[in-house]
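In the two complexes below, chain A is the common chain; its partner is chain B in one and chain C in the other.
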Partner chain A sequence: MTSNGKPKVAFFDFACCEGCQLTVVDSLQTHLDLLEAVEIVQFREAISDRGEDYQIAFIEGSCTRQADEERLRKIRAQASVVVALGACAHTACVNALKNLHPLEDVRRWVYGDQAEWYDTYEARPISAVIEVDAIIPGCPIDREEFIRVVKALLLGKKPPLPDYPVCVECKLKENVCMFHIGKFCMGPVTRAGCGAICPTYGDGCEGCRGFIPAPNENAMKDVLADAGLTVEAIMARFTMFNTYLVSARKADGEERR
Partner chain B sequence: MPKITISPVTRIEGHARITIHLNDAGEVAQSYFHVEQFRGFEKFCEGRLFYEMPQITPRTCGICPVSHHLASAKACDRIVGVRPTLTAHKLRELMHMGQLIQSHAMHFFELSGPDLLLGFDADPRIRNIAGLVQTHPDLAIKAVRARAFGQEIIRRLGGRKVHPIFAIPGGVNKPLEPADRDWLLGQIGEHIATAQMGLAIWKDWLEKNSAMVAEFAVFPSAYMGLVRDDGALELYEGTVRLIDADGNILDEFNPCDYLDYVGEHVEPYTYLKYPFYKKLGYPAGVYRVGPLGRLNVASHISTPLAQDEMKVWKSLNGGKPVEGSLFYHYARLIEFIYALERAQELLEDRDILRTDIASDGGTITGEGIGCLEAPRGTLFHHYWTDEHGIIRKVNLIVATGHNGWAMNHAVNLVAKRYVDGTKLTEGMLNRVEAAIRAYDPCLSCSTHAMGQMPLRIELYSARGELLETLEREA
Partner chain C sequence: MTTLNVNVHYVTRVEGHGDIVVDVKNGQIKECRFEVVEAPRFFEAFVRGRPYYELSHITSRICGDSAITSRF
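Entry: the complex of A and B
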């Protein structure tokens, strides 16, 4: 704590588009009361000073190289609360699409002759490296959810995370179901909390918030197949934002067999 | 209360590095601007379904995701061989204007504005929007509102400011609501006034600093940008025009034929590939894109207030292209006015509320190219697919790539002018920063941590020994 009793907060970024930090800046501009309640000691997008003593660390981005691990562990050692900010930190997001290709190909392709200079490995969520206390899912995060999570953390509570699917929020909004207009949607297996924004704006959910606990994946696959998707297209719906999870489960299953 | 503001950002792992090499006499012989480019997205996209691309590619960058989103959708239109309906076309262009407005507003008022109003030599800790809030509070508030307005266009069409849910192959997902149209139209006047105010500030600064501007990274080059059939400035869809250093038209071509005209040169010192005009070869065929390039190639602007300014622009160098790197800021402000006026035209268009927003898909053609003018310059997305629409190959040429050579050259000129002998100074760092910033490159180095970019400058002797390093962390 600072002398004024305010918790110190820091933001860090790893491989990502930084859209979540921009969303944080945006939501703080309309919640100035929150800014009063904390002291931000590191935030590359918004302040140039740096402080090393913080209690709450928000981490944006995926771990994509060995050197990231050390940095993550240092943050973990300092912070009493670590929050995964956005899909890159939470699921490895589209960064994990590179895991579907042989690493050497990617390395050569990007860096040619100097490939060996390029320190990179399979993209992973930060929870693959350090323990994570709270998650703010989404690509990008939902600005209101960010505020809710911070408020809960400040009260010392575990932030609530919906464990029901996007469909629930979608029905409350009285949207026309995407399957009825010939589109495809991952809403039945995806964790709610975004207000079903994609179906509300006329497009199927892509699963950016990760899956609900114990999703019925086979039923989801059947629904997509009945709607006319090929096996390849069904896999694509599962891997767009969740390649890391899908690959990890597959590896897990093969091990058990 | 901590001060919060917004800086643009990107996706690059690592620093930008500048190396300066001295000759035997201790003068600057050559300098290089080294950049690591993309994270390999082009490679990761192989194997994906083409219609996912408008959602995947924006995730390269949270700063201009809309440019990638729309260029990608345009490429996808061609893969399914359909034209979006006229309504969808107009709605996409409207969202694109939102992107231009927010990006240009942010660049001028939050990045270059502090340089101009507080001075290049001001302490980087105050040379930022927070410093501007102290010295010019009225302007700073207007600037933030103008940027928010651009973002609001994006949000009202696509649900959110970052990674909107909007364009799909053949059209868009959702029509514009009448209430949103009315709200947006009601706001525009205020922001046009802000843009004009910014331009007046720039002109005033120019008058006071004309001697410095006249010698700051001024050099001839070719220029590239989209134009309409009648040669007017165009940002969303048009013909690519290339002009030479004297303003003569070198070529005009359909963006879909870009491979016949644009080659990419590899230099060992940077991961940016330098595009060039094939008929002239490298380096004779290098060109500049972005606001300066666009205003140089266009003959006029279709909207009245921006056209008034365009007339002045065309007289700056006696009818020839304007060459000074700092004039990017000038051009950006004229475009800022145009984007607002164009958004107004689109919102007033009687078709804009129509609900015929998507065309049905045809058959997979196997190839698609999408091109538009992103805030920083011409953007190409080019995809090849198999007969099922699975991506086989991707080629992206981004604005920062087109301008790679020019940025390197600008840094070189500034180094020769401001570095003397064997000593690196803070003033030198500031000027190099200003040279790069003029191009508004989409690099973490240009923009991170308001007012300050992470930058490393290395000074080498004629024998290749490292004499000195100056480093500035973000």
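Entry: the complex of A and C
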């Protein structure tokens, strides 16, 4: 804590597009009162200060190389609260698409003769390396959800994380089901909290917020198949944002068998 | 004659990690480098074998500050 009793907050990024941090800057423009409640000591995308004394760390991005682990552990050792900010930190997001190919090929396709200059391993969420206290899902995060999470943290509460699917919020918005207008949607197995923004604007959910707890994968696949998708297209829907989760669930299932 | 040593360990207020190194001795630039030090993400590999309709959705994730231009 600072002498004025305000918690010190820092923002960090790993492999990501930094769009979630941009959403943070955007949210703070309309919630200036939050800036009164905390002191931001490090936030490379927005300020030049580089304070190493902080209590709350927001981490955007996936862990994609050995060197990232050390930096993550250092942040964990300093912060009392670590928040995974956005899908890259939460589920490894699209970064995990490269995990579907042999890493040697991945490096060679992109960097050719110089492939060995670019260190990388399978993309993983930060929770694969350090303990995470709170999650703000989504690609990008929902600005209102960010505000809700920060308010909960400041009150010393565990931030709310919906455990029901996007369909619940979609119904509350009185949207016509995407499947009824010939579109495909991952809403039935995707974690809510975004206000069903994609279906509300006429596009099926892509699953960027990760799965609900215990999603019924087979029922979702049946629904997509009935709607006319091939097996390949169904798997593409599952893996676009959630390759890491799909692989982890598969490995987990094989272990239990 | 000017002797200057600039070492900016990451530039702030931009998307991405970049360092600037400038070394000037006796008015002569010996070294002038912009180093991109962030983790490579391998987007060209992400899109391999994906359905065509996914591509703009994936490539718009290259940069959150310029998602629309990254899309193209």
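As a working rule, the second predicted complex is superposed on the first by the 254 of 257 C-alpha atoms of A that agree within 3 Å, B and C clash if a C-alpha of one lies under 4 Å from a C-alpha of the other, contacts with A are read in each partner's own complex, and residues count from 1 in each chain.
One rule holds in what follows: a contact is a pair of C-beta atoms (placed from the backbone, for glycine too) under 8 Å apart; a residue touches a chain by one contact, two chains touch by 3 or more.
Every value quoted in this text rests on a predicted model; they were computed, and no experiment measured them.
> Judging by the criteria at the top, classify the pair chain B and chain C on chain A as clash or fit.
clash
> Regarding the shared-chain residue A:Pro140, is it in contact with chain B (first), chain C (second), both, or neither?
Touch status of A:Pro140: both partners.
> Return first, second, both or neither, reflecting whether A:Glu206 touches chain B, chain C, both chains, or no partner chain.
In the superposition, A:Glu206 contacts both chain B and chain C.
> Once the shared chain is lined up, is A:Gly19 touching chain B (first), chain C (second), both, or neither of them?
In the superposed model, A:Gly19 contacts both chain B and chain C.
> Counting only touches as set out at the top, which of chain B and chain C does A:Cys198 meet: first, second, both, neither?
first
> Based on the superposed arrangement, let me know which partner A:Ala236 touches: chain B (first), chain C (second), both, or neither?
both
> In the superposed arrangement, does A:Glu36 touch chain B (first), chain C (second), both or neither?
Only chain B; A:Glu36 stays clear of chain C.
> Applying the document's definition of touch, where does A:Leu97 land relative to chain B and chain C: first, second, both, or neither?
Both partners, chain B and chain C.
> Is A:Lys74 touching the first partner chain B, the second partner chain C, both, or neither of them?
neither
> A:Leu28 in the overlay: touching chain B, chain C, both, or neither? Say first, second, both or neither.
A:Leu28 sits against chain B, while chain C stays out of touch.
> Residues on chain A in contact with chain B in one complex and with chain C in the other?
In chain A, positions 15-23, 44-48, 64-65, 93-95, 97-98, 100-101, 105-106, 109-111, 139-140, 206, 232-233, 236, 240 sit in both the chain B and chain C interfaces.
> If you look only at chain A, which of its residues touch chain C in the complex?
Counting only chain A, the residues touching chain C are 13-23, 44-48, 61, 64-65, 68, 93-95, 97-98, 100-101, 105-107, 109-111, 118, 120, 139-140, 206, 232-233, 236, 240.
> Considering the complex alone, what residue numbers of chain B touch chain A?
Answer in residue numbers: 1-7, 9-11, 13, 37-40, 42-49, 52, 55-56, 58-63, 65, 124-125, 128, 151, 158-166, 168, 173-174, 271, 388, 390, 448-452, 474.
> Going by the contact rule at the top, pick out the chain A residues touching chain B in the complex.
Answer in residue numbers: 15-23, 25-26, 28-29, 32, 35-36, 39-40, 43-48, 64-65, 93-95, 97-98, 100-101, 105-106, 109-111, 139-140, 197-198, 200-203, 206, 230, 232-233, 236, 240.
> For the complex, give me every residue of chain C touching chain A.
My answer: residues 10, 12-17, 38-51, 54, 57-58, 61-65, 67, 70.
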